[in-house]
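Heads up, the next two complexes both have chain A, just with different partners, chain B and then chain C.
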Partner chain A sequence: MIASLAHRASGVVLVLFVPLYLWLLHGMTGSPDNFIQVQAWLHSGLGKLLLWLAGVALFFHFCNGLRFLSIDAGWFESRQLMRLSARIILAMTLLAALLLGLLL
Partner chain B sequence: MAEMIQLSVFRYDPEKGGKPFMQAYEVPVSGPGMKLLDALNYIKWQLDGTLTYRRSCGEGVCGSDGLNINGINGLACITPIAGLKQPIHVRPLPSMEVIRDLVVDMDHFFDQYRQIQPWLQAVTPMPEHERLQSPAQRAELDGQYECILCGCCTTACPSWWWNGDRFLGPATLLQANRWIVDSRDEAMGDRLDQLEDAFRLYRCHQIMNCMEACPKELNPTAAIDNIKRKILARKS
Partner chain C sequence: MRLVKEPGSARSGFKDWYLQRLSAVVLAVLLPMPFVVLILVYAGVVDQFGLLDIVDNFVSRLLHTILITALIIHAYMGLKVMIEDYVAAIGWRVTLIGSMLVVMSGFGIWWMAIIWAWGG
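So, the complex of A and B:
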């Protein structure tokens, strides 16, 4: 249930990140001044937070997407493995979130 | 004095009008291994005869007393009181129309069950004795045939909450799979034809609430995935 809800939520985050990403790309390729401005914004608190959020969402959505695909294919289909794989991916995401937080 | 259990039970009588409300009850512990149904029976027989709920076998076979217990669907008769947080909130199965108190209208649920034609279909002539299965073929039915149609899984499924008019729901699809994997059934093609639909089958998005809710510890998600793979296999 939590893994499923988080999968939808992270998907929404990733879709919403696309316009932000295009805006960043547009800003960085406009002129050297623009590049410096956008770079400064990316190093600000809000910029880092959004990058962190998109990174965590991407990590979770990718891993859980693989989990869904494997269950579709008939692997990890027992009740225990369905639960265990959800827990493992949630724990991995927590770890990735901490690591990304430290790196940023 | 006996140890007391606090319950908060959903009450609603559409015939009398008014709004639904939660009513508090106190029930003494009857002994070790006491189940939630024992507490409801105590309320009905000793405290308040107007409380209405379904129950029959009292041992998790008939599937009558599917309820929402502290937010999780389950059968009152096999849910131990010990381990439940008090006050125990007892509500009817979610997303269902309430007839009275804890009794919900299951008509649509069983209509959907009828849609999958839940009986053995074979065109080959009847053998002299019964239609035989090997032990391996019989083992395919394990995890499928045990479903008692209590509705705990279907009413826990968000896809069914939103598209219950067209999505068949986990219980019905598990039952459909029960006939699809049965070696004696010869109507798999027709069954798959009927199920291959954006709503009837493919509204399942693997939320897996059904698997968590099932009081018989079955796995409707896996059964639904098996139907999807059968449809895929006949295309390739």
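So, the complex of A and C:
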């Protein structure tokens, strides 16, 4: 239940990150001045926050997506295993959020 | 005659489900790559010339195009399911899903135009 809702929430975050990614890519492959501007923005508080949010959302959506695919394929289908895998992925995401927060 | 509550045919459900999984597999392979590149640029490991070396070649453009296509299909299907779940009024639903499709297609075309225009 929580995993499914979080999958939707992280999905929406990732969709919203797409225009930002396009802007970043456009800027970084533009003139050297554009590149410096985008780098400066990325290293600002807002840039770091959004990069962190996108990273955490991507990590969770990726892991939980693989979990959904496995369940569809018939692996880990029992109630306990589904709960356990959801908890493992939530714990992994928390760890990844912490690590990414420290690294950025 | 029974009252029709939901628009659309029952046949389209499997196609949506299947496309959502197929695009998910493509994204699982391709999507981590741009994020890693973004982090490398952020960390200063890759400079602008390094970045252009990575993205500005035929294979990268092709992979980027496949990524965009899968991303738009996946995002469209995902948001469509959410709208269908949370928006009850049929008029709003059709309007939202329709405008989402138009915005996303426009976005995809713009994105591809940027990618294939690199290097002149």
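Here is the rule we use: the second predicted complex is superposed on the first by the 104 of 104 C-alpha atoms of A that agree within 3 Å, B and C clash if a C-alpha of one lies under 4 Å from a C-alpha of the other, contacts with A are read in each partner's own complex, and residues count from 1 in each chain.
One rule holds for everything that comes next: contacts are C-beta pairs under 8 Å (C-beta built on N, C-alpha and C of every residue); 3 or more make two chains touch, one makes a residue touch a chain.
No experiment lies behind these values; they were computed from the predicted model shown.
Participant: More chain A residues touched by chain B or by chain C?
Facilitator: C
Participant: Kindly classify A:15 by the partners it touches after superposition: chain B alone (first), chain C alone (second), both, or neither?
Facilitator: Only chain C is touched by A:15; chain B is not.
Participant: Determine, under the contact definition given at the top, whether A:66 touches first (chain B), second (chain C), both, or neither.
Facilitator: The second partner, chain C, only.
Participant: For A:24, decide between first (touching chain B), second (touching chain C), both and neither.
Facilitator: In the superposition, A:24 touches chain C alone.
Participant: Taking the superposition as given, does A:1 touch the first partner, chain B, the second, chain C, both, or neither?
Facilitator: first
Participant: Does the superposition put A:58 against chain B (first), chain C (second), both, or neither?
Facilitator: A:58 contacts chain C only, not chain B.
Participant: Based on the superposed arrangement, let me know which partner A:79 touches: chain B (first), chain C (second), both, or neither?
Facilitator: First partner only, chain B.
Participant: Shared contact residues on chain A, chain B side and chain C side combined as an intersection?
Facilitator: Dual-contact residues (chain A): 68, 72.
Participant: Within their complex, state which residues of chain B touch chain A.
Facilitator: Touch list, chain B to chain A: 205-209, 211-212, 217, 219, 221-222, 225-226, 228-229.
Participant: Could you list, by residue number, the parts of chain A that touch chain B in their complex?
Facilitator: Spelled out, the residues of chain A in touch with chain B are 1, 4, 68, 71-74, 77-79, 82, 86.
Participant: Could you please specify the touching residues of chain A with respect to chain C in the complex?
Facilitator: 8, 11-12, 14-15, 18-19, 21-22, 24-26, 28-29, 32, 35, 39, 42-43, 51, 54-55, 58, 62, 65-66, 68-69, 72, 104
Participant: Please name which positions on chain C make contact with chain A in the complex.
Facilitator: 21, 24-25, 27-28, 31-32, 34-35, 38-39, 41-42, 48, 51-52, 55-56, 71, 75, 78-79, 82, 107, 110-111, 114, 118
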